[in-house]
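There are structures below to look over.
The two complexes that follow have chain A in common; it is paired with chain B in the first and with chain C in the second.
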Partner chain A sequence: MAENGAKATVTLTIDGVEVTVPSGTRVIEAAEHVGVVVPRYCYHPGIPTRPAQCRMCLVEVEGRPKLEPSCTLQAADEMVVNTASDTARTARQSVIEFLLVNHPLDCPICDAAGQCMLQDYAYVTNQLESRVDEPKRIMGRDRISDDILYFADRCVICTRCVRFMRDVAEDDSLIVAQRGDKAYIDTFPGRELDNPFQGNIVDVCPVGALVHEDFVFKARAWDMDAAASVCPGCPTGCNVTIDTKENQIVRVKPRHNAAVNSWWMCDHGRRHLVMTNRGVRAEVPLIRDGEQLRPVDWATALDWVAEQMEALGSPGGSAVVSPDASNENLFYVHRLLERLGVAGAAFRVAQGDTAALPTVPTLKLRADRAANATGVELFGGCRVDGLADGSEGNGSAVSGSEGGALVVLDDALEGAGEDFGGAADFFLYLGTRLPGAARNADAVLPIATFAEMDGTFTNFEGRVQRFHQALRPPGLARPGWMVLSRVLARLGDGEAVNEVRGAFERMVAEAPAFAGLTWDGIGLKGAPAAGSAAAAAAAAGIHGPQKADA
Partner chain B sequence: MSRRIHPAVVPAQPFQLTARETFDGPIFETEEGRHRLKAALSRYPTKQAALLPMLGFVQSVKGWIEPADMVEVAEALDLTPAYVHSIATFYTMYNKHPVGRHFVQVCTNISCHLNRAEEVLHRFLAETGTREGEVSEDGEFTVIEAECLGACGFATVVQVNDRYLEDVTPERVPEIVAKLRGARDGATAGGPEAGGGA
Partner chain C sequence: MSFPHGSDLETTTRLSRHQGEADARTLDGWRARGGYEALRRSLDMSPAEITDVVKDSGLRGRGGAGFPTGLKWSFMPKDDGKPHYLCCNADESEPGAFKDREVIRWTPHLLIEGCLIASRAIGAEHAYIYVRGEFFEETQVLNAAVVEAYDNGLAGDGILGSSWSCDVTIHAGAGAYIAGEETGLMNSLMGNRAEPWAKPPFPAQAGAFGMPTTVNNVETLAAVPMILENGADWYRQWGSEQSPGTKLWSCSGHLARPGNYEFALGLPLSDIIFEACGGTPSGKPVKAVIPGGSSTAFLNGDELDCATTYEGLAEAGSALGTASPIVMDEDTDIVAAMRRIAQFYAHESCGQCVQCREGTSWVVRILQRIEAGEGRPSDIDTLYELCEQMTGRTICVLADSVVFPLQSSLDKFRADYEALMKPSLVAAG
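Presenting the complex of A and B:
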């Protein structure tokens, strides 16, 4: 471009507002800079192809005889664009009228109602009566994959799903069959989609045509609460939004983050998150009373644990932590272990299949099936294969038969024996659940899962990302940092914190790996921890830390 | 069966195999199939571009295109079966349902309509004992109504497989059907006095 004397930026006027954008920007994107969202169906910022076939984003450009599709129209100097002129509005209204000719208007039973772009635009055009007398064509519904249903009658044939599969996932197995008013989305007859990223076609669907089967008829858009979070399924740390209803996770959607997951996430992550609803949880603090574990209130439990810690002094011992624990939880456990003279915690990570999205190099389903193995390693954790593998030269493994202190943070203790921890002077179990192997614990403190609290994870390349509370913890379970800061405060080490910000700030101040980060600074898109691969990349100008989402 | 034609003229040759039964197995493993594929590929810069001619070839051999054929074409052209399915369903002139040995299309557009095309159509249906689009019991006939076949000067026009019959009147229909029934040779499916250009 430069050889033609083209400038790096162009300045144009959109709806009376002048805006300067990089040259090559499309008008539909330039309009977003001035706060104008041009109606669209086929355009999606994450999908490279722009067929301009839905005709919704037509805008009027002064000096041009016909309306232009703003998704393919390049912004140019001195261009005067009017997105809401009478001509543009009339054209849009006609498109909506055509789409509604065969649309079943089943909004009362449609899962997209309230979040539907057809509904929204139809309300805007405000045409209450149809001019069409003919009966609507009826096509019914189809199964696209093991968990995705296709409601053909609702479809506007924007082909976002087809183009996601073809151009982003590079799996040309979803197509438009037939043509004209008979067109529908289909796979090859008798075959279903089988791609680890196929769930994204539901997210890109602007209407209610594609729906996850496990979400069908479960919740209305206006009944759900949403929380910004991070997927804990693997160390990639895809940014997600967790939708909840009545304290249950009903849906997970990817949240845009150009440095991590772009607009997408994998199906493993979705399923994994919805699975966190299940299982019996630890809900009440338990302390040792002779042969039994006795349920007590928090004040009693914390006082008693602090008393025992005081008495123990620094006996050494061992620890097992979960790679799903948040950085703050790990920090407080680390502080506790330092007091107890325990060298470093062991951690185990389940392994699984990997999968990559071809066109988004940063987005991979990685082999580790845990969110925060990097965080554990930053706090000196040592990866082990099994609890009792210590004999094979792995010094940090925990057989559960050592003396001294034994601290377990939310590890499910699979493979632990009957007498795990029986020989320890003091066995502290902090967990979201209560596995049988915790039977020898001297104290069990119930903690919240990542979905039930605020905190941060460190992803595979050292990017520290915030997640926010989506659910209420069950019973008396509380965030690990809240519990441990109280134990330490009773021992004269710091203060009890009630808000994650306090825990995070103390961690940043005392743990060099996190130096320089601030809670507001990492915002909703995360920032690289000092010395991490991500920080090195940022310094080299590959991708810098995101600005805070104030 | 193995007519060696120069690749450049392959699509222009009306092709109708004398015995469809010989194509029971995979089409592109037969000598003719291999030749057709190679000829088509030599004409285009990409394999994908040979899709329409290859679907046309399959239809000329079998009369219709079933999902198994789409898989075969997809494998021959390095495409996904789904993509082939989308193309085959986009074009209405690829038959996605079985048709009889003689696929009779009666034009009922304006010129033909004025020349008793409706009667011709109903006569064909009566003579073959089928309803529109059905395969007759002996597997010989499928009769459908067609949009303009582009031979308005010779209305009513009836297309039988690749051949045109022109100036068809309802009175001629029994004779045509009888001749077609007698013609065991698919290559001359148009009948002895098939007029005009193919």
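Presenting the complex of A and C:
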């Protein structure tokens, strides 16, 4: 190791295992390198301040008289740390006993039960019986913002919530009030907690003290299923975990991704995601039968659609796609449109307020209220303001009165007139729902929402991120790529795919924007698409700026 | 009241010799008593020279911990280009202690002079005097003195015509015991909750406003001018090698003559209690003494021959602390006294560390139950174990502060606890 200047790494021993970590690493993080998770409450890897106040992560360090908090203790050469010595373990057990002095032990009605760091550590430390024989202090509960409840008796005063607001969101409206065992979390007198990122205080709460009101008493931890997903609320593409119960989304939590959302997500995303599967859905394929749309089985519907498409005379037509469609869905629609001779689909993106988390530059609620506008653009989509807006200078605007084929992928067709698509030679509507404007469709194929299938989105900077199925699709609805691959297969283009991997691999093989990506390579953290801003930045970092004329 | 009583003992009223003289509060009166001469002298000395004199004098922090003052000053970085600060800890709130209040009340200019000299020694450009919120009259006296000092070129720009400048600011606290802990004090000074922070960073690295800071007690700073004037050897004529000098004593409890005294360090504690303070008013034997303020360990009535030095009281199993003995005669209910002390610490815990937040109030509830006659022998084991779990596990020593008296009272007065328990339970236990 270089002797001059500061050393880049230090080597220490933790629980008998030698580990080399970058200098400046705290022992609590160094321990994770050797697979030791030191119990903690106030420490959170996403919150920069470390008050070392919960005293849970105390470890024994050889040669030091007192136990040291491993969250602030810097790893040093030749340091010998013992996280599981008798002294350290007894200290940890006593912290749990102290924490339970006033804790109401209302686990049977607590929303954190089963995912509670107080429960977990009570079992880990074997602190299952208390010597407390005194009456408990009772504080009750409070509404800390319009959608977050605070159960003061369950609170361990780790101040993660206060410090998230103060040090990550740079909003000092949340404070610790009072002191000693009367301390509780509250808003600063005269202030309200009204921050677009405040929902994260619920996620950082290690116990059941902070609960979203729309989740309270709704589901037990062990009754929920979880799926890794991506928030479709805006093009940022925050990585999330979707918790479901009885085929309903009941809760959404951010999933760590240092390149995108760090540990956090915005409240808009949470609300949007929980609502994403509500409403009346299209559940059965429908095909035109004179004046009526007749429900049929998939084989009949697909055969008929393929037949009608074969029969189309002159190429050309128009298309509208949803910017919330997955890359795979968009790819297959793109293939279909190429076949039909339709150039470039139109898409519309609703706009909303923006919000930024000051200390995490990559995490913003962006104005586009759609997950995959970048993906649509990579497939040559044209952004338009409205369906029937003047065609001057905007060749892709769709008025619904053009001839040829008309393909709509899951656009709600808001603002469409009664005769929308009436003039089309063949109007195919693929949708999760059935808007009135689809009344003139020749065929309606019900497809799954993003939460009901696997797939990928491309975020604002071209990062391709995987999401996984959280829910069963209703009725006969199936993923768009599954449906479209079958339509195309019937037209002699490729094979029907049953698995997203097949759809993804075909997309990568045939769409240059996605060249080089692999399903496994994207993993749960995503990867930049070729030709995207993110990939260009990465390339510039490696190869330096390239000459324009080269 | 409570300026030093006359005494037959070898009282050594150096620091407190002008207490009780109303005139000494004014700048003119203070100058007539030789005030600000030490400051004038310090202006001709380098910061290192001042620090060396204080180091040589062996002056130790009078706030309770007894850390050598000169050594503390020498921790301040030199020529680091950052602003440095001095914080004078006038948040005297240890139950039993009332010595700093008298220094401020009678000799505010002595404190200001001490602050300025210390500021010069550590290169501070601003001295903050953090006064306990309840010290209303004292804050007014100190404010008036600071105004006088500014008006007469003793504070602010170009002190005493020199090129050296230092501001002095009085900051009134809001009455929290924990604001007397140095990092809690600085947090409070900065407008935060008075919560101690985990060191590092130490104050000399990053203290008030993130800058190198030294925190000194009132009495410590008030001792600096006389040391500078008379030299380290002069100061060392009193006290022991490790505990030189004189010390203010706040004596309270069952005493015929309670009050503030100043003695050379090293007298036997029994002399202070029986000779100077006249023993118990009733003439009954002394049952217990908490020698250094409520956060130090109990001494038995027969353990009072120890020398009143930092090392002497440590040897006796207690601590000099703030030198504020609370004397209890034989009629005292030790359990009630201990419960009251524990209640104080439970009330004053800032609530950060779990052991302190939950432990102190749990101790109170156990003691209340014992007092009510509902105690069980296992309670004593539980209390002992809580003492162990609350010691040395927290950011600051507030939790330890309740452990010292609690553990020692269990050791020395276990019978008092057991007397309150149901006889059948004691026999069974």
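We adopt the following convention: the second predicted complex is superposed on the first by the 526 of 550 C-alpha atoms of A that agree within 3 Å, B and C clash if a C-alpha of one lies under 4 Å from a C-alpha of the other, contacts with A are read in each partner's own complex, and residues count from 1 in each chain.
Here, a residue touches a chain if its C-beta (ideal position, glycine included) is under 8 Å from a C-beta of that chain, and two chains touch if they have at least 3 such contacts.
Everything numeric in this text was worked out from a predicted model, so none of it was measured.
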Chain B versus chain C as contact partner of A:Thr354, first or second or both or neither: neither
Partner chain in contact with A:Ser23 - chain B first, chain C second, else both or neither: neither
Touched partner set for A:Thr125, first chain B, second chain C, both or neither: neither
Greater chain A contact set [chain C / chain B]: C
Contacts of A:Gln115 with chain B and chain C, given as first, second, both or neither: neither
Touched partner set for A:Arg179, first chain B, second chain C, both or neither: both
Touching partner for A:Thr187 - first (chain B), second (chain C), both, neither: first
Chain A positions touched by chain B in one structure and by chain C in the second: 175-176, 178-179
Residues of chain A defined as touching chain B within the complex: 172-179, 186-191
Chain C - residues contacting chain A, complex: 176, 178, 193, 195, 197-198, 200, 346-355, 357-362, 365-366, 369, 378, 382, 389, 392-395
Residues of chain B touching chain A in the complex: 67, 70-71, 79-83, 85-86, 89-90
Complex interface listing, chain A residues touching chain C: 50-56, 58, 65-67, 69, 72, 90-91, 94-95, 98-99, 101-102, 131-135, 137, 156-157, 175-176, 178-183
